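Just below sit the structures, each encoded as structure tokens.
Two complexes are shown next, each including chain A; its partner changes from chain B in the first to chain C in the second.
== the complex of A and B ==
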């Protein structure tokens, strides 16, 4: 039977990367000098799984490497070795190395064997450091011992006519699920088998324990069979039977005494040989990379590996809900078809009930399907402990990272695209926000700075905050910088908010010296652009000397939107519900017209521009052209408010977003399209774009 | 049909075992750890259990120990999948009541051979 192992590779890679993340966060949580067995166990298990899988799927370079890590972890777990910073660092380095190896294999690229050899060396140096209990040495000796055995066995093999085997199971052998008949059947496959059962040990019927084995056997196996093949059959029950094997040779001369061969050390399984090779390679590895290794790697990469197929791991409860929901839907469907079959008017109530059920189930089904795409934000957050650990030691700062709301769920696409902007923000906080320990003490703050990464849901949005208790933004400095860079006029009047917003302008950098940690000021505007492309926005609040908070607001999902449909003439548009503040009827007193700058209306204390939808989208069938005839929908996008002048408000509904760009082209003020219940197409408004459009 | 329970916390190994056995005509149920496996074993009778050793929640050795206390699994073949070629894990497994072991890395053929061996 041949099975294409490549089909399991994708899953293997996914779980291995997950395992590496577990190892990484576990290692970061380890305290020097401490032996936290649970934590180490968890790390060990992850390494162990990667080793097992990579061995099975033929990635020997990976399993060899993991073996060394595992040995080190095993000693820590047993308490034979203390957790030292250097060991943790070596292991963290290996995690990176392993990640690179797996990535390379997955992408069918060559593995950087130089890098692997270096990391392996670091690990081995670490291993030899605890030399008093060096397991490497003991393994080596064990290996050489075992290796000599098959050689010895083959030497005996000539002229074997057959074997006499005496086999007396201990009473409890059956209770391990081992069946003598099974073993005899296997023996019979090796040669002609004759067996004689000995019932002498069987007690009389009154004392008989049916679950115990009281019979013993004398077996005779004809033919030139290798001793190890016979022993392998009995290897599982070694300790649960008396077993003796005697060679029948054509030359009478060397009948070996039975006891000698039953010695447990001579038992060799084919399986064990494989793992022996494994050990040998490890033992060998103290030498610089063996020359055969790159060849092996090439072989691995030559195999067609599944390219990232955009798969997703889903909690089984979510699938169960989905299945449940489909079941309900099927029931409703059958009920409806029953009603429809011989429809009479008195069944109208039944039909209505059925339809409302159908509606509810469809909505629930939709929600559950959307839910499948939702991943906990911990997928993004989990990389930060390592980042903060590495960066803070590089910067010489003391920083504690707190993660809050890691289980907050967000759409997979958002998760993937959020990672880079967040890294940038956290780096900024570490580099520019948190002060050096001595500065903090001088400022009367705790020596260790805190960075909080928090996620939570608010309305239809997910909010992610990066909070630090560092030095905060200096408004005067920001302003001076912006003037110096020519980003604003010298006499520009800016609110606090607008001043902070300056850091999002292209080409702005506040650090006097550029560091390699947070780049050179090209970042923040890119961050903002990325967030905006996800349909979100970013804000910063800061207090000098106290710290800064950067908040990112993002829609929960990019595929579905809660929308308010509005009508302008014959056209329908969808306004994202999250951007609507209120809808009002206005009267002429509220309206101001400014020559050349359009219309505004006063809403309480604010003057907001009016955007006439029928003008912007050239809808000639618009019913309301006088402001008093229609409605004004007050919307907010990226901190700017305006009033959309429309004919009427229709219903609220969830709409599935279809890309306009993919099917037509980009249109300013429109973020996409959707298909309504009656089959007609409605355009989804892009509020910030619309505001921009209105201002032109 | 012969019913086998495949227990492993690693999805790729579990799938590989399950796929191989299903391909050979066995009926296979998967479990992700010892606790999951024990629950499944209680609600359905399996003719053979193949379990990984190193697992969260309940490891393979504890699982075997628990299974052996159930009347239905007194004589059932219970196999461990283990990377530890050293005797200590095997010994612990045997003491818990394991029938035998399959040493990782193994290929589908080796797995099938061993399964055939215990359930005929």
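== the complex of A and C ==
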């Protein structure tokens, strides 16, 4: 029976990319010098399953590469090696490299073998360095060891006479399909094998579980075998057994040649580790450490592309709820059809109950379907630690990134489209916002700058904020720049908010010099456009010297909205229910006119502008032209309140948002369209856009 | 109109198979002028139905309709070309066109007086539209051809849409500020 393995490839790739993300975030969380075993274990496991999977599918390039990473991680895990910044960097680099490899395989393209080889070398250099990274070792010895004579090492290697292996499987090892006999057979191929079984752990016959393995073994393998080869045999069971390898040194073994060549202050323990590490040194030892340089550069280009994956992972409980809901719906449907089959007027009550049930179930069904599309915002946020890590070292700044509210759930579409604008904003904060460490100290701020990425729900919106404690926006500079670029008149009077908004204008950049990080003068306008195309809005609050806050307001979901229909003449519009504060009838004496034109009315303590819908939308058929004839709907959008003057309020309903842009274009004041029950199209109002429109 | 459709059935079906170097156009009239669009761009032909008006757009952009769940803009070609406005009747025809702009395709409807025929045009007989200078815009006219001594202007559907995009670029964010 042959199974088409290709059908599992997609799953493998998805899992592998997930694993890579886990590794990446784990690596970024690793504190240099301080080993968090759980963290390393997590990274190790991810690497291990990628290795296993790629082996199964025959992607040997991937499994070989992962093996090297795994070796390095394994040593960290066992505490045999310190977690150094260079090791973490090397591992991060290889995560990128692995990702590139997997992407290439997925796209059925050739793997960039040169890139892979480079990364492998870096890793191996890192591995060799590990030989002396026992806590007393110094950086100096690392380099000196690397230049040690390969020949000497080979000679040293030859001294291995054999291995003592103690192997005690955990009771459940047999259940996972691992057979010690098979492993011993493989070992026997490496050299002369003698084994002694230890029956001490075997319980008496009454308690014997035939499926459990209670025997442990002492194995003796003669011959000059590499430790790696032995480990590989046990690699499948390493989580299910205790095993230890001990080298039997030949009697003629002198002092380790490595020790001879290194500085006398270095202590190299001639323990079982040495030979392994040294062996790997042979090939790569002469490689200069400088080979790390291209890796750093690669990182920039190997940024994970913004893939919008066609599949999402859904919690099974969510699906179960959905199935229950569908069940209910089917029951309601059959009940209704029963009622309808022989309808008599006395069944009217039944019909009504049925219909109200149907309504409830439809709503619930809709909610749970929407729920499935919701993803935590951490899908977007998770890439930022890496970005900040890379950028801050590149810019020479000290920056701490804080993520708040990562579990806030947002619609999948929003998540996917949000990624690019956010990257842009964070880059900007890092590059232009946070000052150099010395400037910060001079300004009396902590040396390390803080960038906070925060997400939370407010009303029907999700708010995402990028907060930095950098130098803030310089209003005078912004203004001067805008005048210089001819974007505003010299005598234009701008409020603070309007001044900050200048940076969203096309072709505006105040960076004194362009860096390759940001400041190309395109960007912020694109960011705003992108956010607006999502039906959102973006605003800036900034204080000179204290920092800036950029907040993005986005609708929770792009698909369905609670709306209030209003009528203006023959036209019907939908106002998002979330933005309505109240609707009032007003009388003439509540209205004040400013300069004879702009109308305001007083609502409790506030004066609010009146936006006449029929005016700004040029609806000629409007019934109410006198303020007393119609209604004023008080709405709020992005902190701006105003009263929309409309003919009448119609009903409230849930509307499915359809894009106007798909076939048309964006229209100011309109955020989308929807199809009403009668098949006609109603436009959904965009309150902030309306206010802007009214101010023109 | 019905006559025309019959004509399509009888004569032109044969012609379709005959000529290899020919392109097919759907011809329609606007006033006294005859226009043609590439038939492959035509998605369907519908009768006029009331639209939902879009505020603050040029008058020839009539509004949007619901076309099986998607929102489709309707453009009055008469007004677009400055040929004046006629009252819509149940006989007014909307041709739903599919246009490609950059890498996305979009659907829009154009209001025309009447659909006349499907014509086979030999590619070699298509002439370039004459240059009228700035006086007459020939931007979306792909070429001219004649059928029975009647000139037919062949429209470039993609350009019809691209022109609208200009408006989008015009909405200057500056207006929001100053």
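Assume the second predicted complex is superposed on the first by the 386 of 696 C-alpha atoms of A that agree within 3 Å, B and C clash if a C-alpha of one lies under 4 Å from a C-alpha of the other, contacts with A are read in each partner's own complex, and residues count from 1 in each chain.
The rule is short, and it goes like this: a contact is a pair of C-beta atoms (placed from the backbone, for glycine too) under 8 Å apart; a residue touches a chain by one contact, two chains touch by 3 or more.
Small disclaimer: the values here were computed from a predicted structure and weren't measured.
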Between chain B (first) and chain C (second), which does A:498 come into contact with in this model arrangement: first, second, both, or neither? second
Inquiry  = Contacts for A:692 in the overlay, against chain B (first) and chain C (second): which applies, first, second, both or neither?
reply    = second
Margin query: A:528 in the overlay: touching chain B, chain C, both, or neither? Say first, second, both or neither.
Written below: second
Query: A:206 contacts which: chain B (first), chain C (second), both, neither?
result: neither
| message | Applying the document's definition of touch, where does A:659 land relative to chain B and chain C: first, second, both, or neither? | response | second
### Query
Should A:42 be classified as contacting the first partner (chain B), the second (chain C), both, or neither?
first
- Quick one: classify A:682 as touching chain B (first), chain C (second), both or neither. second
Dual-contact residues of chain A (chain B, chain C) none
Chain A residues touching chain C in their complex are 487-489, 492, 494, 498, 501-502, 504-506, 525, 528, 571-572, 616-619, 658-660, 662-670, 673, 675, 679-683, 692-693, 695-696
Note: in the complex, chain B contacts chain A through residues 9-13, 15-16, 19-20, 23-24, 52, 54-56, 68, 74-78, 81, 83, 85, 87, 91, 94, 97-110, 112, 117-118, 120
Within the complex, chain B is touched by chain A residues 1-3, 5, 7-9, 11-12, 14-15, 42, 44-45, 48-49, 51-53, 55-57, 63, 174-179, 182, 185-186, 211, 235-236, 239-240, 264, 269, 271-272, 274-276, 279
Touching chain A in the complex, chain C uses residues 50-57, 63-66, 69-73, 106-108, 164-165, 167-168, 171, 173-178
